[in-house]
Structures are given as C-alpha cells and as structure tokens.
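In what follows, structures are represented as structure tokens.
You will see two complexes here that share chain A, one where it goes with chain B and one where it goes with chain C.
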Partner chain A sequence: MGQLDRSITEFRLMEEEARGEGRLQALHPLAKLLVTVVYLVVLLSFHKYNLAGVLLMGFYPILAFTLGGVPLRPMWRRMRIILIPVLLVGIANPFFDRTGGLISMMTLLLKGLFAVAATYLLMVSTSMDDLCRALRKLRVPAILVTVMMLIYRYLCVFLEEIARMRAAYSLRAPGQKGVHFRVWGSLVGMLLLRSMDRSETVYQSMTLRGFQGDFLYGRERPFSRSDYIYLFVCILAVLIIRFL
Partner chain B sequence: MNILELESLNYAYPGARRGEAPIAAVADVSFQIAEGENVGLVGANGAGKSTLLKLICGLLEPTGGHVSVAGTEVRKETLGQIRKDLGYVFQDSDDQLFTSTVYDDIAFGPRNYGYTPEQTRAAVEKALAAVHIESLKDRAVFRLSGGEKKLAAIATVLSMGSRLMLLDEPSVGLDPRNRRNLMEVIQSLPCAKLIASHDLDFIYDTCSRVVVLFKGRAVRVGDTRQILADRAFLEANGLELPLSFVTR
Partner chain C sequence: MHMADALVSPVVAGVMYACSAVAVGFSIRKIRSSETNRRIPLMGVMGAFVFAAQMINFAIPGTGSSGHLCGGMLLSALLGPYAGFLTMTAILLIQCLLFADGGLMALGCNVWNMGFYGCFVGGFLIWRAFTARKMTRGRILVASVVGCIVSLLLGAFSVTLETLASGITELPFGVFVRFMLPIHLVIGLVEGLITAAVLIFVFESRPELLEGGTARSGSEERLKVPTVVAILAAAALVIGGLLSHLASSDPDGLEWSVEKVTGQTEVEGGGALAEWAADVQDRTALLPDYAFKDSESGTSVSGIVGALVVLALCVVIGLLFRRSGDKPDKIDTDGAA
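Presenting the complex of A and B:
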C-alpha cells in the first residue's frame, strides 16, 4: 500500500472512530467543542515561563485519553506532520533567551503537544457532521460551516483522484521513485480537471436531493446529564488551573 | 397518468472552438412513461443516453422542446418541486454516496426537504427495507462493496419518495449475483423507472418498453421483447442482440 493509500485509509478510519461507541464519542458534540475551544484558549494564554501551569493543563488530554480509551500511538502516527514542527518551534529558545530559555522552550513544547492532543481528541471522538451541527448551534454562519464541510468532503475526492493517477503512473513507470518532474505539469493539470469534474458530479448529486446551500448536519440529540457534568467539570478545572 | 413526458426534446453541446457549430446530442426525442412503468433507454456509446437523463432531471437545459415530470414542466423555477418526484441514480455510486455513513446519505434528501427527525428516520428505514440493506444502516460508506453501494445509492433516492427513478448504467461493475439481486430489487420497486444501459439482458428482464437512441434520435420506442429480438434493427443502430439470445 502506498503512502497516499495509507493516508486515505487513516482519514477514513478516523472518521469511523469518531462514530464509535466509546465514552468520549457518546458525549454531546457541542460539549466537546466548547471544552476544546476553552481549553485551547486558556492553554495558549499561559506565560512562556509558567511551566508549572502548563504542566497542570496536561490533566485534560491525559484524563481524556485514559478514560476515553483512546489509543495514544495512532496519534503520533497521524499527527506527526504537525507534531514535528510543533516540537521544534521552541528549540532555539535556550540560545536566544538567556534568562529562562530552557523553561520557555519546555513551555512552548508542552503547549504545542497539549494543543495537538486536545484537537486530536476532538477529531477522533466527533464526526465532521456532528462538529458542523455544533458549530451551527454556536451561531457560526451557515456559509462558513458549509464551506468547511464541502472542503472536508472534497478532500477525500481529491485524495482518491491523486491515488488513482499515481497508481496509473507507477504501473507504467516501474522502478521509478516518485513522479518524474517532466510530467508534473500535465499530471497536476489533469488532476485539477478530474477533481473538478468529480466535484461537479458530487454537487449535482447533492442538488438532485434538495441541497440548497445549507447542510443539515448529523443527528439531533439532546444534552444529557453527563454532557453537562463533563462540560462544567472540564471548564471549571481549566479555569481553576489558570487563575489560582 | 404519465409521470414523464418528453416532447420534441433537443439539446446541443457548444462547439469545441469558437465559431464551430454546436454538436447535437439529443434531437427531437418524444416519449412518455406511465406511473409505475419500467422503460429501458438503450443506444451505443455517444447515442445521448446520459445527456437525455440529465435533461430530464434539469441538470442540463434543453435547447428545444419540453420535459414534464408528474405534469409539471421542468424549468429552473420548478426544479425544487420536480426533484421531489424524481430520483437519479448515478453510474458511479461513489458520486452519489458522499457522506460518511449509509444512514446519513439516505437521510440527506429527506432532511433537505424539511422532514422532521421522526419522518426522516421512518423514510430511511423504509428505503433500507425496500432494497434489503437494513443491516448496513450504520456502516461507513467506504466499507461497502460495489453491489452494496449500488443498493445504498438507490435507497438515497427511495427515501425521498420519488415517483420516477432515473438509473444510469445500474448494472455496470456488478458480479452476476449482485446483478441478479439488483434486478430483483428494481422489479420490486413500485415507482416508474427509466433505465439507461448497455446491458440489454438487464433491460430485457426489467423493462416492458424500450427507447432506442441512435445519434441523439429516438429511432424506435416500443415493446422490449420485439425490439431487442430484432437483430437487423439493433445492428443498424450500433447495438447487438442481448447475449442470452445469441446461440453458440
């Protein structure tokens, strides 16, 4: 299986995980979205030398990974493209920041790590449909949410087209590593045309079923007592860590 | 009552270069389909089958003539109403199934047409039962086989309560068992169907009437058994006898 096929599979597996029946998945999408947003805002608000505070903020991802039964290893694999630059971002601090470079580097590193972990938790526990529904409940304009949803959907279409073209190319160019630079132009042009063509057909299929610009996302579900408890406990804990 | 009426329908694609004459894809096509009737649309590659289907559902605007679905003329202003009565099953099911689960895809139409959550659930369950894929309700679309995808695609149309179903090459890519299963499902559905296909055996087994297209023109409309047994006529119009007719 090529790298691209692996990426498509990972993409789909994450979507499937998000629809699973774990404890985290069972929570209301709006509760999870609010907790994640508040957590990220508070986490990023810590001063660069407040290592102790940032360390304490690790409670949320650690608890969520443990109690939610979310395996940690796939996160490293799936998020490595983001994690590597995030972990490298403060590497120069010890050289330029003579007063507390090491501490600020650690703070930055942990902030990045926890932020990625919190976002990942949201991604593997909430499907895009549910996330969009939660955004609409927060009064995010329909046009923005629909664009987000379509980009997400078309990303799959785009990846599939790349995988097909890559397979067709490599079958006729055995032993060649990657795609030769001479065919890049025509390949990219063709990819664009084919992706547009498929996107158009998908859009036609949507309009034929009454789509008029507003996705009616996910399945409606009421807020349960555990959702309220999760929401208030998490937000309260985050605020206590930040202000005490 | 006729669910579909085509009257002198014309469509021409614009010429490839500036100043070039438009290329006629559908020329003076007229026929009707009654409620609950199954009609086959056959023709060689490039005969205009897919273009005709797109004209019927309003994805293309005719350059002449009229299309009416359930008594309402297909125009820009009536598309919303027309598409409630009409469902289109694409040749490639991956174009049709774009959400993550089978349930959500089948519920997409009812939700857009303002069904309540209870009505949506009922419509989805009825559609799933009609094509016998109740067990796939919560399955991720990418986990479906080709045959299952085709049935799910049909269910996406059924959930809207369509009275007319347009199917573009429904049997393409299916193995014999799935093809047989699809045939049985199509025969069991009460709505009218217009089935565009190269698979003449499939048309023979599912449709009572057939429309033969040749270079955009409907050269013959009539009884399936008569037309598909007429070797000379079929060969003159770029087709061949159904495989089951050919003796070895």
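Presenting the complex of A and C:
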C-alpha cells in the first residue's frame, strides 16, 4: 500500500536526518525548541493585513534552510496536506472582505507556510529522544513524555505490521479500494489483541531493566556558546521585526 | 481535523493550551492512584497501534471513499478515559513534532478538539452511559456511533469557534458551521461504525480487555443517559459562550495591548495606512494596513517589495555562508544580525 510504505520511508528518513551531523543538528534541542515556540508566537501575532511583516518573518526558515542544508522536498509534500485546510478557510476572505481580503488571505497562507517550515526545521534537526529530553526540561509531565517515547519506538513496528497485513489482504482480495466492511473488526481487532499482549511483554522486560516510571535517552549536555548565540540572535531578530 | 498553526491567534492558542493542560493534569492525578507503571507500556503500545491503525483505509460500502478509525473512543474503551486522553495527547504531540500534522501552537486546540471530546465526552460520558450496566453488541454499536458523532461534531464546532475567535477568516459563523458540521456528521457515523466493529470483535474474543467489559464494582462512576445529555448541553453552552465572546469582543486583544505598550498605532477598519517606507532601515511603523485599497497603496506595495528584497538577501547570505566552509558556531548569527 503506497501511503503506508511512504510513511515508513519518510519516518526512517526523518530519523536519519535528525541524527545527522549538520550545523542545525549540533545545536541544543532546548534552544531549538524555544526559538521555534517564540518564532511561532510572534508569527501568529501579526495582524491579518500585515503582509510585509509576515513576509519578513521568512528570514528564519530561509536562513536555517540554506545555512543548515536541510532538504526541502519532504517538506513540500507535507505542506500540501497542511495548507489545503488553511487555503479553504482563507479563500473566503477576498469574497467577504472586498477591500483587504486578498491581503489577509495571502498573510494567512504565508503564516501557514512559515509555521510549517519552522516546525519542520525543528523536527528534521532534532531526534525524538532529544526532543523528549527538552520537553522534560520544560516540565512536561514524565508520564506524557515516556508514553510519547514508547509510541515513537513502537510506531515503526506497527506500521510495518500493518503494511504486511495490508499486503496479505490485497493479495487475497485484489482490486478492492479499502478493507471490506465484513472484516473491519477482525482485521484490526486481531492486531489489537496481539498489541495488548505485546504491551505486557514490554512491561515485563522494562521492569526487569529497572523501570521506575521515567526514562530518558538522548544526550545530556550543557548549553554551549553557540547555543546561547543562536537563541539570543534568533529571538532578538524576531522581536525586532515584530515591534520595530 | 488537525488545525494548522496559521488558523489560531496567540490568545486562542494560549486559552486552549491552558484548557488542555488542566485536562492533562487532572488525568495524570486520576491515574496516579492506580498502578501507573504497569499502564505506561500499555498506553505507549496502544498509542502506537492507534497511530498506525489510523492509516488503514476502510472501504465504505456503496461509495467510492474510505474512512478511518476513531482513536479517542477506542483508547478510552480500552484504557479508560484518563489514560486514553493522555495517550491521545502523546499521539497528537508526536504527530505535531514528527509529521508537522497540526501545529505546535495549535496543539492545545487539537488536544481539546480531538482528545478531550473523544475521550471524555465520547469515552467517558457516552461509552459509560451505554455500557456500564450491561455490555452487548448492540450497546457497543450504539455507544461507539453516538460517541463518535457527538465528539466529532463538538470538535468540528470548536474548530469553527477557535478559527473565528482568532480573527483570521472573514467567513460568517453560519456559513462556516454549515460547512463543517454536515461533513463531520458523516465522518462521525463512519468512524463510529469502524470503531464499533473493532470493539465488538474485542468484546467477543476477550471481553475483559474493555472498560467495563467484566462485572464492575459498585464504586465505579456511572452516569445515566439524561445526566449525560444535561452535561453535554451545559458544556456546549459554556464553551460556545466563552469562545463566541472572545470572537465578538476583540480577536486581537493581545496585539492591541502590545501595540499600546510599544506606542505603535494601528487603525482598525478605517483604511488608514501605517507608514512603512521603502527604506528598510527606517522601519518605525512596520504595520501597513489594508494594502492595495486606495491611492495610498503604493506605500504598502513598496513595503512588501522591501520585505521580498530582504528575503532574497537572506537566501543569498545563507547560500554564501553555506559555501564558505564549516563554522558551526556561526549558524544564523551572521545572516540575522
């Protein structure tokens, strides 16, 4: 099944990219997370008619993409899916607001574009383990972060299992667009039962390794000079564009 | 139904983050009393399962299209509403951080629209109301379909309110609602049927796995159908009232207050253009308004051209420094400074 295979490939590519040795990857995860959050808050705070201001905010993704050498192609595919609802909401603006509707629509689309680009930059340059460590530093509850890490760890296993099931199903039922309603329950239900049993095995092995309700991977390291410079310069630049 | 960042203003994002954070905090407190450590692996594995299972297309008989599984309902029925909600929150966090599906700023909205309604309204109120006393195939079917429809409609309604409260669209409330609700009614029905099929399968093979699948002790919370309806109506009124008040009073309250503090002025709806000269260095009033609208639009056009020039410069600088060798310490600082 095309979509599933694509998701698995994309998942692996992202992880490989995030664990790379590039300039962006070398920065502290917490610095990147904070810059992304501040950037997004400021970007979304622009008035709907302030097209020039929003355009200027493109400086961050552009510089980060070019300097960091981040591949653009995977982002465009993602962008299409995300920008369609934004476009649907914004397309009404020129009709209902004859004077500035076109501007507000363009501003909205640019906000969507830059917001996805900024988030994409974060995810392509930071591994999930490092992100989870940063989230813990921001006092996100341990249970939530641990569950996130487990979901991430098992996602690939399940995606592959579902891809295999899907392949087996389509070989026995060729020409069908989706799963026939008669087997809706049993197809997914079987996988669900197996998953619940698997979780018990996972729990037992985690307990044997001394699981106490919280665990973290990712590298622990202090903020370096470049992290501080990155954090300071990015936030300052964003605030200058917003308020000057 | 994932909302993108562009659809929310910082105020709405903040309000919804706060609402979702309260729900997360409450859920954590609720499950802490039970054996948390044992549940964590189950939550993680089930989260990954739901995440992956949502990628399966289920063919809808008689139509050419397909539907997906409703995660919130399924997780609540298997893990209980609190653990289910936390798992949904973790799934949405990963979708946002790993697939950029739903924005980081809109995460609070998404957790509320999909997780809260799915787990607490669909999974807690409706599922328990229908199945607490007796669990049969029919009851599971009705609970799943009603739960999915109600939680999806509430979610879609919240998306409408949140988008309108953010003040980014000119769509009138009525048009937006008429566009959103019928689609989600149909989606809810299909998702409900798929979820019911899976839950019925589990019920028939291993009933003890379902929330309330075996005999329930007397201390468990039970709700009757009229109580559920009353709670739902009250919640809809409160949320509708709060958010529509936000929408009508001042969509950009934060922005206005910030501008007052910084001394910037911006005339709403009056058509006055804030000065933004083509000279990029002299940007004391970077707030061009209502561009292309009257004879003064020239200033805004030049502003936009100015911004485009700056962006082009960023590209050039970025590419130049990228070629000029590896100096990891200098990332972004050269260009942005």
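In the analysis below, the second predicted complex is superposed on the first by the 224 of 244 C-alpha atoms of A that agree within 3 Å, B and C clash if a C-alpha of one lies under 4 Å from a C-alpha of the other, contacts with A are read in each partner's own complex, and residues count from 1 in each chain.
The definition used in the following text is that a residue touches a chain if its C-beta (ideal position, glycine included) is under 8 Å from a C-beta of that chain, and two chains touch if they have at least 3 such contacts.
These numbers come from a predicted model, not from an experiment.
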| item | value |
| --- | --- |
| Which superposed partner A:V202 touches (first chain B, second chain C, both, neither) | both |
| Greater residue coverage of chain A in the superposed arrangement, chain B or chain C | C |
| Chain B versus chain C as contact partner of A:Y230, first or second or both or neither | second |
| Chain B versus chain C as contact partner of A:R153, first or second or both or neither | both |
| Contacts of A:M128 with chain B and chain C, given as first, second, both or neither | both |
| Contacts of A:H47 with chain B and chain C, given as first, second, both or neither | second |
| Partner chain(s) touched by A:G210 [first = chain B, second = chain C, both, neither] | first |
| First, second, both or neither for A:E220, with chain B first and chain C second | first |
| Chain C-contacting residues of chain A that also contact chain B | 128, 153, 198, 202, 206-207, 211-212 |
| Residues of chain A that touch chain B when the two form their complex | 12, 15-16, 19, 127-129, 153, 160, 198, 201-202, 204-212, 216, 218-220 |
| Interfacial residue positions of chain B with respect to chain A in the complex | 57, 59, 80, 83-84, 86-88, 90, 92, 94-96, 98-101, 104, 108-109, 111-113, 117, 138, 140, 142-143, 156-157, 160 |
| Chain C residues touching chain A - in the complex, by the definition given at the top | 3-10, 13, 24-25, 28, 31, 36-38, 40-49, 51-53, 55-61, 64, 66, 69, 78, 86-87, 89-91, 93-94, 96-101, 103-105, 163, 167-172, 175, 193-194, 197-202, 205-206, 209, 252, 254-255, 258, 262, 264, 266, 271, 276, 283-284, 286-293, 300, 303-304, 306-308, 310-311, 314-315, 317-319, 321-322, 326, 328-333, 335-337 |
| Parts of chain A lying in touch with chain C, wherever the complex brings them together | 3-4, 7, 11, 14, 23-24, 26-27, 36-37, 40-41, 43-45, 47-53, 55-56, 58-60, 62-69, 75, 78, 81-83, 85-86, 89-90, 92-93, 95-97, 99-104, 108-109, 111-112, 115-116, 119-120, 122-123, 128, 131, 141, 143-144, 146-155, 157-159, 161-162, 166, 176-181, 184-193, 195-196, 198-200, 202-203, 206-207, 211-213, 225-226, 229-230, 233-234, 237, 241, 243-244 |
